[in-house]
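In the two complexes that follow, subunit A is the common piece, with subunit B as its partner first and subunit C second.
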Partner chain A sequence: MNAVRPLKLMIVDDSNIIRRRIERSQQIERLRVVGSAANGREAIELFEQTQPDVVTMDLTMPEMDGIECVEHLVARKPELLILVVSALADKATAVEAIRKGANGFLCKPFTDRQLNDALAELLQDA
Partner chain B sequence: MLTEAEIKTFVDGAMHYFAVSARQPVAVGSPYLITDGGTPAVHEYTGVIAISGRRKGAVCFTAPRSMLMVLLMRMNETDTSETNMKDLIGEVANTISGNARRDFGKDFVISVPSVVDTEGGKFRPPVNARPFIIPLNWRSHSAKLIVCLE
Partner chain C sequence: MKANLNWSRSQRSPAFLGAALVLFALAVLLPGFRLAGRLDDATAALRLVSEQRRQAEVVANALVSVRDRLESFGYVDEPLSEVRNGVAELDGLLRTLAADPATAGTFGTSAARAVQSSEAFRADVATVERAWTDFRKALVPIAAFQGVPYADSEAAGVQLNAAGKALAQEARKAIVTARKQGPVVTAALTKVSSSLEAESTQLSSYLRLLMLAALVGAIALGVGVVYFLVAGRRQAELLADAQRQTDDILKTVKEGLFLLDSKGKIGATHSGSMARLFKRESIAGVSFDELLRPLVPEKTLQTAQRFVEVLWSERTKENLVKSINPLQEVEVSFDTGAGQETRWLEFDFHRVRSDGKLANLLVSVNDVTQRVRLARELAESREKAQSQVDTLLGVLHINPRQLRSFLSDSDAAMKMVNAMLREPAREESAFRRKLDSIFRQIHSIKGEAAALGLGTVETRAHEFEDALKEAREKQQLSGADFLPLVVKLDDLFTHLASIGDLVQRLGQLHQGAPAAADEEADEAPAAAPVRAVGGGGAPTPIQIQAAVDPISQTLTQLGENIGRDRGKLVRIVTEGLAEVPAGYRKAVKDITVQAVRNALVHGIEAPDFRERSGKAAVGSVKVSFQSEGPNGFRLVVEDDGAGISLRRVREAAVARGILTSEDAARLESKQLLSLLFRSGFSTQEVADEDAGRGIGMNVIAELVRELNGRVGVSTGEGRYTRFTIVLPAQVAENVA
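Our next item is the complex of A and B:
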């Protein structure tokens, strides 16, 4: 029987607390965290080193924001699965993130169940 | 000056944050306006989001260490270090401010959070506008949301 290879996850958020919450998600069984970044610039460097399959992406971050980072990452790997996890609750921002290449949007604050469901939905496409 | 509807956006944002993140409701006191030239008193930790775009000013969340400690625990976070306290105070301010864009729109531009040194127990508003204080009470702890917009 072939074991299913866990997908590689990179977590991008300037909050350590949010990064750790995502690491504790139940869906993490299907994922292997290959690294965390606190801003878009760090995320691009980490992406080159780890080649993740899945990314959770904050939007409001220092150095380089999440929308710009999504554009860079999608240009490098179009099949990358990206879940935006942000407090920016206006519809225009969610639409822009999806247009730039994100696959889903989870608004902060979120419950563990909402995070779990959002990741599960994202992984259906994997 | 904030309108009643705008104040409600921040009241709702604070209530939503605690209901979701802490899974316990927060009690909101009556919002009040600081007198002209006054500086609001703050707690041990204060997270500030600078606002630019169509509106200018700041949104701050200020709370005591004891409240942040319990809040972290409610979020199943075992690391209650100083670093995480500052992270949390900034994240609460960021989340409430970001959620306000649902009503204020995309031109309500929020900065990344900064944790200000509030030694002396006062916060000086960054713009020439009177700050609104939204008192919050949660599990016997008091905190404040300070909204100061031109």
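Our next item is the complex of A and C:
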């Protein structure tokens, strides 16, 4: 745990909703949002610029598929913590994302509490 | 755990017993063997000493006998030989007793070793040796005597010869020595003998003790063996018992339980219900893939495989893995021979660790079919209840007469659709015709339902249209494509029936209430009050003029509903609709509903747009019906909306491949507009419930054609659209 230096968080989502909700979460104390990307391609670019420690990743996005993006990011930084956000019905995608190296899974729709728990669980490893 | 411990102990005991036996043999048998050897030696030595103990006396007696016989000229060979024998025996004895154990012979070694340990013994032996050496010296000349000691002569008779005299002399000397040394030898030998006796007594008592110890040891060992045997058997029983209990649990537990190894194989130990859950006889040795493959779609199987892979990777936390379990509620279908049986199974995975390492996956399986079905039924009944409430709310604000008229019309339409579906058809074109006819019927129901604000009916009709559209878009049509339609028809039919039922029950509710006002209103249309619509007190967007006949009421309501849904303000003005002859009423209603709907959706613009274009915010749709005597009837539907964009008609015609772009550019507006009446033509991109499938115009054209009438359209872009329909004076037979 690193209480002094907040972890750099990159949000990959094509809507702003999750960003606003993360900013409301208690876990935000431990995080500093360094940027958000609307699709996988942007995410890779932003990753290179900001070198985040934590990523939240929506799996259903245009341009580059979220799983592919997870794979790319993990290949670049294996210790990166990735929380995938996906629809409940889409467990196959979630399994695939975890297999490819994601560290947490949050199914949509989610409550603020679920988001908080998922982030807390994810950051345990930090 | 306990069974495990016992197991290892019972496994250790045979080795322990073996070691104990070897130790026992070494501890008892080796000293026993040595003791027995020593005892044997001591006994042999004792026997030897006992035999020779009196040898000195024998020799002494023999010496006396030699002396006496020499005096009496007796025969001396016998005592002489006794002396010689005695010397040899005692020499042998001493050799044996004093021998150096290392160089002595076999027997001697043992005997010597047997007694040499004792100091007293050695002193006694030394005494014997000393005395005997002295004694022996005196004996040597006697023992060495050879020949005859007498000389026999006539003169002197028998006389001792010189050798005889010497012998006699030596014998006398020896007798003196014997008297001195004989008893010493005898006494010392007696002592040696008793030493040996004490020794062998001790040895034999040692041996007895050892035997006793061995006996005790053997008994202890025996007890140990028995204990271990019994304990081992008890452990085996406990183990068997535990195994039996496990078996019983596995046999009776309702859950499917099994272990998956890292190779994905199912272990030999699994619950009996596995066979029942998976409807197969043998499970053991089957891989998880093989178990699932026949039951689930390929994609589910693939996901399951990947999930199991994730389970084996230590990197992923158990909670996370649990949350993404794709087999939490999985639909499986069994081929029962008599068709497919669908069930829902719930798989739960637990990691089993042994010595901190992931060894197996414990998988539990539950049949949750009932739970899933109940949940679905619940959801369905909730939906049904919701739709009933919606329907009730919808029905409550509709004029009962209009509603009854709608219900009877739609009932007739449904029956027609049913008849059409039943009607045998073989050719593609016949199928297409059937589809088109059904479409028109359903579309008309949808239109009226919308006009009445019966959203639930409208939705179902729209779904039916979707199904029809799907069938229409197929390249090849067959009878099978109509099957889903039957389901939709049934759904719509049931729903209409339930509304009918509701209406009837509402009617019963109203009985006894102050004279059914609606009925009266229908009977005396002129007196009908103008219905105020819209929010309480707010200016009503739609003003109703002479909304007295059912068609006008329907149109007004339609205007209200669509206007509200789409945020448009509109005034619907009807004229002469009360005069429509009975034979034309249904057709006129269908035509006007369609035309007014088109006008509202496509024609009338949003209020702000209208104001910006310099028009009144409230749009207007005029519907007029008038008799032209022998020339028949004229029905006009006119709106002051956006008109029809000829450019969009051209584009749509080209896009649908009806016209080439050259032709489209060449066609006059009248010819272009006639395209609107072609089946499936629409300028709208997305179909919605109100309009836009391109069916609307087509429906009007079709209806008019069936009545042997004519239809025309004129439009001014940005200003108006006017449909003019001319119907013959005589109602055509196929309509009546």
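Basically, the second predicted complex is superposed on the first by the 121 of 126 C-alpha atoms of A that agree within 3 Å, B and C clash if a C-alpha of one lies under 4 Å from a C-alpha of the other, contacts with A are read in each partner's own complex, and residues count from 1 in each chain.
Simple rule for what comes next: contacts are C-beta pairs under 8 Å (C-beta built on N, C-alpha and C of every residue); 3 or more make two chains touch, one makes a residue touch a chain.
Keep in mind that what you see is a predicted model, and the values were worked out from it rather than measured.
Contacts of A:30 after superposition on the shared chain: neither subunit B nor subunit C is touched. Once chain A of one complex is fitted onto chain A of the other, the partner contacts of A:60 are limited to subunit B, with no touch recorded for subunit C.
In the superposed pair of complexes, A:18 makes contact with subunit B only, with no contact to subunit C. Once the two complexes are overlaid on the shared chain, A:92 sits against subunit B and subunit C alike.
In the superposed model, A:121 makes contact with subunit C only, not with subunit B.
In the superposed pair of complexes, A:110 makes contact with subunit B only, with no contact to subunit C. Judged by the number of subunit A residues each one touches, B leads among subunit B and subunit C. Residues 92, 107 of subunit A are contacted both by subunit B in one complex and by subunit C in the other. Those residues of subunit A that touch subunit C in the shared complex are 91-92, 94-96, 98-99, 103-105, 107, 121. The touching residues of subunit B, counted against subunit A in their complex, run 16-17, 20-21, 23, 72, 75-77, 79, 83-84, 87-88, 90-91, 94-102, 104-106, 108, 110-112. Every residue of subunit A that touches subunit B in the complex is listed here, in rising order: 14-18, 20-21, 24, 60-62, 86-90, 92-93, 107-112. Residues 299-300, 302-303, 306-307, 309-310, 313, 316-317, 319-321, 323-326, 328 of subunit C are the ones touching subunit A in the complex.
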